[in-house]
Structure formats: C-alpha cells, structure tokens
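First comes the structure, then the notes that go with it.
Letters A, B and C name the chains as they come in the text, with residue numbers starting at 1 for each one.
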Amino acid sequence: MPSAPASAVDPFRLPELAGHLLNRLRGERTRVHAITNAAAQNLTANLLLAAGGIPSLTVVSVEVQAFTSRSAALLVNLDTLDADRRAAIPQGIATARAPAKPWVLDPVFVDASPSRLKFARACLAGRPRVLRCDAGEFAALAGADATLETVQAFAKAHGTIVALTGMVDLITDGVRIIRVENGYSLMIRVTAMGCAGTALVAAFTALHGSALDAAAAALLVTRVAGEIAARDAKGPGTFQPAFLDALFNPNRPTLITHGRVS
Amino acid sequence: MPSAPASAVDPFRLPELAGHLLNRLRGERTRVHAITNAAAQNLTANLLLAAGGIPSLTVVSVEVQAFTSRSAALLVNLDTLDADRRAAIPQGIATARAPAKPWVLDPVFVDASPSRLKFARACLAGRPRVLRCDAGEFAALAGADATLETVQAFAKAHGTIVALTGMVDLITDGVRIIRVENGYSLMIRVTAMGCAGTALVAAFTALHGSALDAAAAALLVTRVAGEIAARDAKGPGTFQPAFLDALFNPNRPTLITHGRVS
Amino acid sequence: MPSAPASAVDPFRLPELAGHLLNRLRGERTRVHAITNAAAQNLTANLLLAAGGIPSLTVVSVEVQAFTSRSAALLVNLDTLDADRRAAIPQGIATARAPAKPWVLDPVFVDASPSRLKFARACLAGRPRVLRCDAGEFAALAGADATLETVQAFAKAHGTIVALTGMVDLITDGVRIIRVENGYSLMIRVTAMGCAGTALVAAFTALHGSALDAAAAALLVTRVAGEIAARDAKGPGTFQPAFLDALFNPNRPTLITHGRVS
C-alpha cells in the first residue's frame, strides 16, 4: 500500500499533499491499529473515522498481532501504560516491523515516570517511522533540551522522523525541517487531542513514502481542522465535536487556503 | 420485570411498541450491566442514561456477579477483550442465566481475531437472547456468508435472535423477519455507536417478552434518533451529542412518524 | 502550595472564594492525578483542562508514585475497580499522605458490590481530605441512612469532609454545614459528571487550607456551570460540551450572580 519513497515535497506544496493523502485515506479506508491510552481511545477512533480511516484498539497481546497484521500502520502511545499494554506493545512493533509496515511512537508523559522512560527507550530501538513528542518528553528521551540541533541529531541517530509539537510543530528527518504554524488555540485544552492526531500521522505514513512529508501533512490537517473548529466553538467542550466535523469535511482547497507551513 | 412472552407484533405496529418500551424504560429506570469495550464504555453509559435507564460498567470478575444480579439485563461486547473481560464475561453470563435474565452478545471484530472467535463461540453456547453482529462478524461465527437463509438457520440452531446490522437492520428468530430501514448516515462514522445501541437492545429485552420485537424496537429507536440527529449535525463530531439529545427527547408520535419497518 | 488553613468562609462569600480558586487554578495550572474509572477518565481530564488544571490518569502501580508526587492532589474513584486500580490506589494514597498532600475519595457504587465496600473502608482509613458520595453510597459505608446527624457524626469520626451530593449538595466537617443548591438538571443524565466534578474538589483542596470551603466551592463551580450549560443544551448530548465550555469561561461575577449557597 505505501507508495515508493517520494522525493521531498516543497513545504509550500505540503497542503496539496495533505489534501491528496486525505482523499486517499477516505478512498482506501486505511486501517490503523492504535495501542493507545485509556483516555484517548474513543477520540482516536473518532478522529480516524471522521478523517476516513478505520481504527482498531485492542491492547491485549493475544490479539495485537492479528489486528496489526490487517492494518496499514500501528500507533503506539505510552500513556496509561498498564501490564496489558506493556505486553502488547513489543508484539505490535514486531508484527509491524516484519513487513516494514510503519509504526509511530507517542511517548506521552515519559518525562514524568522513570519506568515509562525505560520502556520508551526500548520502543525506540524498534525504530519508529515517526516519534511525536513535546519538548519535555524529548528532553527526557534525549537527555538534552530540545533545540534545533539536538532534535536533528536525535532524528539522525535514531533513523526516525521527529515531530516535535508545541506552539509550532517542527518535523525533521535530521536534514530537512518543516514547520507547521497553524493555530493551536483550544487543542491543548482538550484531552488526547495530540494523541488522537498522532493516529493520523500513522495513517499518512502508510499512504506516502516520505514519512517526513506524511507526518507534516497529518499535523497540518489536524491543525487546520483545529483552526476551523475554533471559529465556531465557545470553549473546549464545543471545540471537540467541531474539530471532528472539520476533519470530516475539509478538502484540498481548504488546506491550501489555511495551511501555514515553512 | 419482563412481561409474559408477547405474541408477535405486526411490523407496522413496531414504532408504537418502541415508544411504549421507551416510556417504560424511563419510568422503571431499568438497570443494564454492560461488559463492553474500553472505547464504548462512556457512550454506552450515556446512551442508556439519555434513554432513561441506569448503566453500570465494571469488567472485573470479582464484582460482575453483584452488578449483574441487580440489573435487568446484561450486555456482553467482545472488543478490547483483555484478561479482566475474559474472566468476567463467563461469570456475568452465568449470573444472568441463573434466573433466565436476558443477555445480549455483540461479537465486535470477531472476524479479525482467531482467539476472539473462539471466545465468542463459547459465549454463544450460553445462549444469548440476542446476537447483534454485522455481515463480516456473522460470516466468521457461522462459517458461511450472511444470507437470509444462513441467518435464519443460525438463529434457529442457536435458539437466539440474530440482529444483523448494516444498511438495513435485519432481525430474525429464524422464522419471522423484521427489517428496520431508517437511515444509517453518520452513525458509522462515530465509534461505538453500534456497541452503545446494543445496550438499548439489552434494556428492551428486559422489558418485553418477545426478544425479536424488543430487539427490533431498540434498533428502530436508535436509527430514528440517528436520523433526527443527522438533520442538525454538521459532521460526526456534532452528530454524537445530537444523537444523545434525540434519544432523550423522542416520543411515540416521533417514532410512528419516522419509523420505517417492514 | 496549599495556603495555611483558612478560617471558615461565610457561605454568602463562597461564590467569591470559588472564583478566586478558579483563577488560581488557571494561573498555577495545578496538577491533579486521578485514579478514576474507565468511563470517567476522558471527561475528568477534560473537566480539569477546561477549568485550567493539568490532569494525569495512569492507574498502574509502577507509575502511580511518580505521577502522584508531581501532582498537588490525588483523586481516587472506585468504579471499574480492576486489579491495576486495586494495586495502585493504596500506593497513590500513601504517596499523597507522606507530605500531607490532599486526596479525595469517590466510592462510586460502593452500595452495589461487597468487595468494593471492603476496599472503600480500607481507603477511608487513609483519611481522605474529602469523601464525596451520594446517599446510597453513604449508607453502605456508614451502615446507617444518611441524615444530617449521621453524616456529621461520620465526618467527625473519620476526620474527613463529607460532601453528600444529591438534589442539594451538603458539605460538612461534622460541625459546619454548607449547602449548595444550584440546579442539578441534566447532570445526572450524563455519565461521570459527578466523578469528573470530584476532580475539581481535589484541585481546590490543594489550593485552599479549608477543605470544607474548598469542596463546597468546587461543587458550586460545577453546579453553576451545569446551570449555564442547561440553558443552551437540547438534551444530555449537547449538555456535556456546553458544560465544559461553561467551566472554561466562568468568572467571579458569574459565580456570584448564580451561586445559591446556604
């Protein structure tokens, strides 16, 4: 299903790529298996369904191989990391890696828990296609503050795309850098928004050979949807349904009009 | 609490029965214990509360007997089937069966996981009052594609109502057939809608002697609510709250005006 | 972080205190760790984020110490009490108690499950700053119906604030009594509203020395938000997002205008 590795996309063309990948997601009904935290499972499934994909969510080791095998990509999120998830995640990663299927790591709160940090490092050895984290999580993983240099060095050293999310999302393979600058607004006041958004990153890496461009395109889609939703929302409560609506409806022209990428 | 088995209802009278059962649910605050998947727990509880019932959700074997005993019906949903659920489900079923309390089986994604299929077959031996599934799940369970003949044969052989959901819901006891044809629309773009709807099937089987009619009436209520919600919704995000509102408000006249049953 | 124990606030001044604590929560981004039930995790996190705090949710014993240590308060909710939660809760309580950090107990459905009742009693021995329960849960814990006398006696005997929620919320330390009388309306038709609201109780006990006033102020905020939300909502579905919006927006004047406390 993944295309051959694409050559790097000019950042100014990224909104166009994002619209294209969204259309393919809807057309192919791409499956993503998400081993994600308890508070994010519902929103992650709803985000994927709204965008056009098909989610599955089991976190049990006896089933994770079957569900990962039939999916085009795997998402691994480390929050609410219980015994089931600890057992299932390595199996999911191994199942994804066998046919070089993309998998994406979201090491939530890895800066808050030593046991989770150790687990995250073991996951990293399984070479995620994309690592999505914030500055605090990056610093814990890298043992150094997040700067342009440390993030690029980390991406190169681990052979992964780093998607460092914050006021601006910075996505890099260690050489190229893409910045997605669309509004953050209410997204940080709704739980699991980032976690759910990473599921779209996983879906897009299954649809496009350049994980750098795929990750940036997915983050662009979620941020543009967030901007559109923020217009109608009266607060974080009405923002969440408006965000899912915005993910259901957007098209290439919307993304091209709204996308702010450099 | 269940009435004596009712004689079969003329499909054209089904909306009337649905309105009647909804009124009883609200009046009696019927309790349903739901052993359901992690992504569906919140919506299942909200659907039951909106419709007028009282949900409980524990999935732990040490407590499932107490909660099933005080409920009028049990829902068993097989998604995110972890060790707790695997242990609790047989106890829940045994607790329900002792006084012939109805229980309903929703074998989600049983077509995707061999271990879940095996578990689902063991559940079926406990004779659910209703089996709700889609065509793929039915095919996995029955070992044959879902046709009118195979579904009727399966219902007869297992002494259960089969509620085969899809563009049209087909409900049969092996002899009679009811089709609910109200709109599907955005329901498939919101996670756990079907799972949550099956909780209403469980509630109605506790309130009406004919499980065939009860299941059809419950599916009718959820579909009519879905049609009403789709009018106001701008996408799957706003559809979910609108759906719960529609379940909270509908009355017999609404169901009679909107119901499309044959 | 907690102020020195404050002298008792005149109930008529409680809305002012509530507005003050809400401002502090937003300014300090107070962290609350919530060991709560599966159906409440998402709403609990969203309520805390909307009100201005920062939630964490892990229920795993190997991590609960790290997350409780970095939080200002701990919430312990006993629904969906699985093996992970049973192991994590005592560790969370011990971690909170070491530096006399406040923790709050919500013994959901303790009247429905003997094993949960036993567990709740063991938790009570760890002296929660606040016990939030309804009349049925209180009766199970106290072995006596909830009357003004039994509730006061229980609060005194256990050295805790009892927040007995119902049509009117009654909050007492065994001597003083505060009643919050704002509307209940649709709150009981949305799952986990009470559970999530107790997270705000936990947050406020971290910000104010009098747990009696803090608990009453937090319940006041959630009820006023509920009243405001009920104006716009068409049912329980649209009520939930409107409630989170209302928690995001309210200010001291709103609380003073709407608060009904005696």
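We take it that a contact is a pair of C-beta atoms (placed from the backbone, for glycine too) under 8 Å apart; a residue touches a chain by one contact, two chains touch by 3 or more.
From a predicted model like this one, the values you see are computed outputs, not experimental measurements.
Here the C-alpha atoms of chain A line up with those of chain B after a rotation of 120°, rounded in steps of 5.
Two copies of one chain, chain B and chain C, touch each other, and the residues they use overlap weakly: the shared fraction of interface numbers falls below half. Distance between chain B and chain C, defined via averaged C-alpha coordinates, is recorded as 34 Å.
Among all residues of chain C, those that touch two or more other chains are 38, 42, 240-241.
If you check the complex, the residues on chain C that touch chain A are 38, 41-42, 45-46, 49-50, 55-60, 62-63, 66-67, 70, 84, 240-249.
Against chain A, the residues of chain B that register as touching in their complex are 37-40, 42-43, 79-83, 109, 112-116, 188-192, 233-238, 240-241.
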